[in-house]
Amino acid sequence: MQTTAMLETYPAEINLDRRMLAAVIEAALECSQTCTACADACLSEDMIDQLRRCIRTNLDCADICDTTARVLSRHTGYDANITRAQLQACAQACRSCGDECEAHASMHEHCRICADVCRRCEAACHELLAVIG
Amino acid sequence: MQTTAMLETYPAEINLDRRMLAAVIEAALECSQTCTACADACLSEDMIDQLRRCIRTNLDCADICDTTARVLSRHTGYDANITRAQLQACAQACRSCGDECEAHASMHEHCRICADVCRRCEAACHELLAVIG
Amino acid sequence: MQTTAMLETYPAEINLDRRMLAAVIEAALECSQTCTACADACLSEDMIDQLRRCIRTNLDCADICDTTARVLSRHTGYDANITRAQLQACAQACRSCGDECEAHASMHEHCRICADVCRRCEAACHELLAVIG
Amino acid sequence: MQTTAMLETYPAEINLDRRMLAAVIEAALECSQTCTACADACLSEDMIDQLRRCIRTNLDCADICDTTARVLSRHTGYDANITRAQLQACAQACRSCGDECEAHASMHEHCRICADVCRRCEAACHELLAVIG
């Protein structure tokens, strides 16, 4: 990922810590890809009947993380209210999806990995939220 | 749009009022398309220098509305916490984008239309938020 | 939808017929929403085991239609090669998803509606492709 | 990114080479993030007047790469026709965006980085297309 390199070439001021920003953007993109893959892996499991909610939460979390990574990748005309609200939605989606995947972690390795990734992304969102205030 | 028809064919219970749900989904999709078009119209204006923030807010609002329409189009394994948080982010993005576009409404007809659409979507989000509690 | 109104306020030339453009954008957005809803309805069906491929194709078709609507909503710096390639991907996704949903149309009303919507979007993409050349 | 780890936990067969798949998924996600950031950096440049087309092409490329990464992250109910068509659209978007960014590479470091990332993603798409046939 060129996240950090791109932050360094931004021609104006950035209102947030660049290192922290890069970390959240990358965590959100990792989480989006992992949730898309986890939903698809669940869709191929024999016990799909017990994974309906997991698939749905994965799909929501993938979309929300994707949008969050995009909002955080823009710095022109920064609006703290939008960034804060979308980060809160992202932290919530990661918490719900992390809980749901964790419940299947002992049965499905993809859910175990996905739960970990969700926890990391949730934590990264909270760190940035603490700075934005 | 087949939003209402699709809600009627959903094979399980839906925890929210279907008419209200359809209204918010369609408002969010309309807002996403309008914001994408407004960002692009701003990009072709002579006075682009004064529209930088407007373009950026349009891009955020388009992404956030898109994701919100997707979350609201899913009912399996409903999680009120995710829906609420994403609706709040959507209402905030629409408010910021509505304010920004309104500031250019007398100069640019696309900003005038976009401001109206953002206001309608913001109001629809708040109506649904009032019901979710 | 304000698709037509927004096309009319675009401040520069548009290389494609505005009426046809509006029709494809709206068909693609309708198809994206319907496919998202159909995937979710399938996810709640008792016979989910036979709907795995349908869910997956719906998810692909939703993403591809969404992106196609965005590309078609932009006119600044028009590049026929990108528009053509994305329209071809959209027509293909709608064809595959229409076929898949049609196979379940007699069992599931959401698949019947979704198949119709996919056919309409596929036809709209081909009409525009014929003009682009 | 957990792309490779997630591919390894997929519970059924995958019709494509997992190492190659992981490489394209990661290239597409990198390209999507870089294009979003490049569009935003261009939006803050003094000479924005000469970057209108660059911003637009970046926005298209970001959306198309995003969708391509999602399609490639799904393996259930694989449809070679959809994958091929979306990969072709992605290769085309990356070629157009790479050309456009390269034209500004000597002036703007973000365009130089973005051109490189687009070239890598275009090449990765072509490698996978050669295998799909």
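The chains carry the letters A, B, C and D, assigned in the order they are written, with residues numbered from 1 in each.
Please note the rule applied: a residue touches a chain if its C-beta (ideal position, glycine included) is under 8 Å from a C-beta of that chain, and two chains touch if they have at least 3 such contacts.
Computed from a predicted model, the values in this text were never measured in an experiment.
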Chain at maximum distance from chain B, centres defined as averaged CA atoms: D
Copy-to-copy rotation for chain A and chain B - C-alpha atoms, rounded to a multiple of 5°: 180
A-C or C-D, whichever has more C-beta pairs in contact: C-D
Between chain C and chain D, centroid-to-centroid distance (C-alpha), Å: 21
Separation of mean Cα positions, chain C and chain A [Å, integer]: 27
Multi-chain contact residues (two or more partners), chain D: 40, 43-44, 52, 55-56, 59, 66, 70, 74, 76
Chain D residues touching chain A - in the complex, by the definition given at the top: 1-3, 5-7, 9-12, 25, 29-30, 33-34, 36-38, 40-41, 43-45, 62, 66, 69-70, 73-76, 108-110, 113-114, 117
Residues of chain C touching chain A in the complex: 39-40, 43-44, 48-49, 52, 55-56, 59
In the complex with chain A, residue positions of chain B that touch it: 52-57, 59-60, 63-64, 66-67, 70-71, 74, 76-77, 79, 81-82, 85-86, 88-89, 92-93, 95-96, 100
